[in-house]
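The following pair of complexes shares a single chain, chain A, combined with chain B in the former and chain C in the latter.
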Partner chain A sequence: MDEIRELVWNGGLNLQISLHPSAMVVNHLKDPIITNIRVPRDCYIVFYMKVILKRFRNYLNLNINESNKDCFFWFEYENVPLYWNFPIGALYDTMTNIMPNDREEILLDRNDHLNIWKLELHCGTKIPNGLIPIIDEEEQIRRYWMHQWKQACYILNGSSKKVMSFSMKDWQKFWDSVKKRNLSDFNDLAMKVRPSHPRNVPVIIHLNYPNLQKKLPFIKIDHDADNGHPTVFNVLNSEYPEIFKSKNSSEVQCVCNGVIIPLEILIFELYKRFLNFDGFLHLSICFSSNNNQFN
Partner chain B sequence: MSGLLESESESESGTEDDLFADSIVSTNLDAQVDGSRLNNVSNVNSIENRLEQYSRRLSLLGLEVEHPKEGDVTPDYRIDITIEDRNENSVLVEGQNMPATTSLILENIKRNIDDKIVNLDDLEDNKLKALRSNESQIDKKKIQIRFQAIGNVLPINPNTCTISTEQPFATVILFVKRKLKMKDVYCYVNNSFAPNPQQNIGDLWDQFKIGNALIVSYCATVAFG
Partner chain C sequence: MLEQAEYRRQLKALSFETIWEQNGLDRDRLLQVCSNNDCMSIKIKPTNSRFPHPSPNRHRANLSHIDIKITYSRIYNEPVLYLRLWKSVPCSMSPDLEELSPYYPSDVYESLAIDKSQFTVELQHVECDAGANEVWYCVHPCDTQDRIGMLHREQYLSRWVSVYLLSWLPPAHRS
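Now for the complex of A and B:
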């Protein structure tokens, strides 16, 4: 179990970020300005905003050292804005819809020898509809993340008391563990929130068909009943009965942290190993991109 | 307490027809100013003081609402939360469109997905149709939200509203802001956490409802971390 946690925690994603003309100084409009960065899958992409802006500083049409309260930066993938407030790995799995097994083949077809996700950095005074504007930098992101944990704690325990009783020192240690990628500190604190007999399981399902949507399903665990522990299939089947009709479908799969998940696994067992840094288990539903399977 | 409840009911019934009365503040101010013909500044201050007291009393009442008395909260007092889609403040978070490559991949297999979804024998097809129509009914369903003021914030009157399950939580925040004419407002569910504004109200209600309502408390400053 520790080994799986470590692999999930250390999972990374290669990003190639290009600067959109909206954010560029006029002189460089003809040159493609790109930067490559490897980020952990299990983080918000905005953690790296400062690093990315610093790399672009010579080409940006505004000074990043000054406060630009009327200007917002955001990332887009093929003109679709990225919601920064979900782990970047879950967004990648959903928005590219490339099944982990097919990635190598498809990316090689496109002459990409490395598995790289190409994003664009945009800048503007009006943020796209639906995105949460960042107005208070790290403090806002930290608060958002804390409230995600409070919500996850409420779902697991029926109240947020466990996280509410964290001292400031605990919260700082918890936040540092996320920023500095310290798994053992993270596990120490996450274990304090997670009961051995949870009431419900905090899960967010990302679906890309027919459009990108997120769902917070209500997953109750009944410890007294024989079949009280739902499997991944039970959850997906009750939320999307049209898509998940049988356990043995190869056309549609559940992907979590870049791994195809066997549907018969118990959802709480999966949560214990694959939970993300915001206290939720993020599941992406991917459709097989291999057409042969359908013929 | 019963006297208080009556006075609340009266004021509620006063605004009952006027579903989108600007706010309880203006309604009461007008009423009191008219009633006692108070026009100078000091009197306005005293009205403010009285309003504060009134708000405190109402906050106290808000706590009682956990066990509503007969006739205390009735559907008559409920209002529908609908936020007009104004461009500058549009909060409707619909499903995002897909990135081009992804939609291309999905387009290729779309027929197969659809085939797979509808490739059922007639019986199952009918079941599916029934299921889908049920789902669409559920989607259109409206749920109840009960508002609770924290601290020295004016109460929302009536404190129970209904909202469509498809709306994001941002709609509720915007509703409170407009109703109370506040620039910033902090909204919490079950006095515990501030949900993601993109979160679907129906999902929150399913997960966190108490009785039959989602309890949303609100404050002018940070109340819960």
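Now for the complex of A and C:
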């Protein structure tokens, strides 16, 4: 299990970010302003906002060292805004909607030899609907993440007491483990929240059909019943019966942290190995590129 | 903790206008109240004295109104309070006209006179019934039961309204 956790934790994404004209001091239509960055899959993209803005500082239409409370920055993929409050890897799996096995072929068709996700950085006084504006920089992001954990803890244990009893030092260590990518510290604290016999499993399902949506299903574990431990298929079939009609469909798959997940695996076993840094298990529904029904 | 069916029953029976007036709040500030099965939507008018202009050096903007949403969390099995602040700003196309836009003050606790030691308020991404995504301030419900208590369960929701909503309405909102 440790090896899988390590692989999941160390997964990365190559991002190529171009500056949208709305954010430029002058309109460089001839030469796109771009920067490349590799980020962990299991993090919020806004962790890297400062680094990205710093690289673009000579081209930005405002001074990033000054307070700009009325101006917001956000990322878009093919004109769709990215919700920074989900792990960037889950957004990639969902928004590109390409099955991991098809990626190599599709990228070669596009003459891309490296798997790169191309995003745009936008700036404006009106942030797109549904995007959480960053008002309080890293502190706001940390508090948001802490509340995700409180929620995950409540779902797992029926109360938030386990995380509420964390000391300030514990929270700082937990947050640092995410920021500094220290898996050992992360596991130490995550294990304090995760019971061996959970009541429910915190899962978020992402789907990009017909538009970007998410579901937070209620997945109860009945430890006394013979069939009390649901599989990934049970969960997906219950939430999306029209998409997950059978376990054997090759047209649609469940992807988690960039990996196609066997549908017969128990959801809590998957959670133990693939949980994300916010305490939830993020599942993306991906369709085969040959599937005309949903693409 | 309040089961969803009981929450619905108490929400249906809740007369928000009556609670508002019983608490000495100015009826004129209550712009709208409507509800369905799981949700009560309220629109209130603030008094400008409590709300500083968000950016005096840039646009001069006034807080227009506050949207309040009482809904139910299936995770916590508790009522949840959501808030959205709106400001009016001069319309960019026609400065004589004003348009509404969401207002995110740098310190929402100070702006709404909410006691930071009592409540945790965070911006949250909320998916609405119609599938649209919106951003609301959420007053976190994780220790609701400890605050409200389990005595007189039939009045759980009205006690919750007093604690989570009416307790922080600043004096300037009162008549």
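Note that the second predicted complex is superposed on the first by the 285 of 295 C-alpha atoms of A that agree within 3 Å, B and C clash if a C-alpha of one lies under 4 Å from a C-alpha of the other, contacts with A are read in each partner's own complex, and residues count from 1 in each chain.
Note that contacts are C-beta pairs under 8 Å (C-beta built on N, C-alpha and C of every residue); 3 or more make two chains touch, one makes a residue touch a chain.
Computed from a prediction, not measured in an experiment: that's the story for all the values here.
Aligning the two structures on chain A places chain B and chain C in a clash.
Contacts of A:80 after superposition: chain B is touched, whereas chain C is not reached. Measured by the number of chain A residues touched, the leading partner among chain B and chain C is B.
In the superposition on chain A, contact of A:234 is made with neither chain B nor chain C. In the superposition on chain A, A:140 makes contact with chain C only, while chain B stays out of contact range. Of the two partner chains placed by superposition, A:61 touches none, neither chain B nor chain C. In the superposition on chain A, A:70 makes contact with chain C only, while chain B stays out of contact range. When both complexes are overlaid on chain A, the residue A:97 reaches chain B alone and has no touch with chain C. Of the two partner chains placed by superposition, chain B and chain C are both touched by A:154. Once the two complexes are overlaid on the shared chain, A:187 sits clear of chain B and of chain C alike. In the superposed model, A:213 lies in contact with both chain B and chain C. Overlaying the two complexes on chain A leaves one chain B stretch of 22-30, 40-48 or 112-120 clashing with chain C, which is 22-30. Comparing the two interfaces of chain A, the one with chain B and the one with chain C have residues 83, 85, 129-130, 132, 143-144, 147, 150-151, 154-155, 160, 164, 211, 213-214, 216, 218 in common. Those residues of chain A that touch chain B in the complex are listed here as 77-81, 83, 85, 95-98, 129-130, 132, 143-144, 146-148, 150-151, 154-155, 159-160, 164, 200, 208-218, 241-243, 249, 251-252, 287-289, 291, 294. In the complex of the two chains, the chain C residues touching chain A come out as 54-55, 58-59, 74-76, 101, 104-106, 120, 122-125, 127, 131-135, 140, 142-143. Note for the complex: chain B touches chain A at residues 90, 92-102, 105-106, 108-109, 112-113, 116-117, 128, 131-132, 189-190, 192-200, 203-204, 206-208, 224-225.
On the side of chain A, the complex with chain C involves touching residues 69-70, 83, 85, 126, 129-133, 135-136, 140, 143-144, 147, 150-151, 154-155, 160, 164, 211, 213-214, 216, 218.
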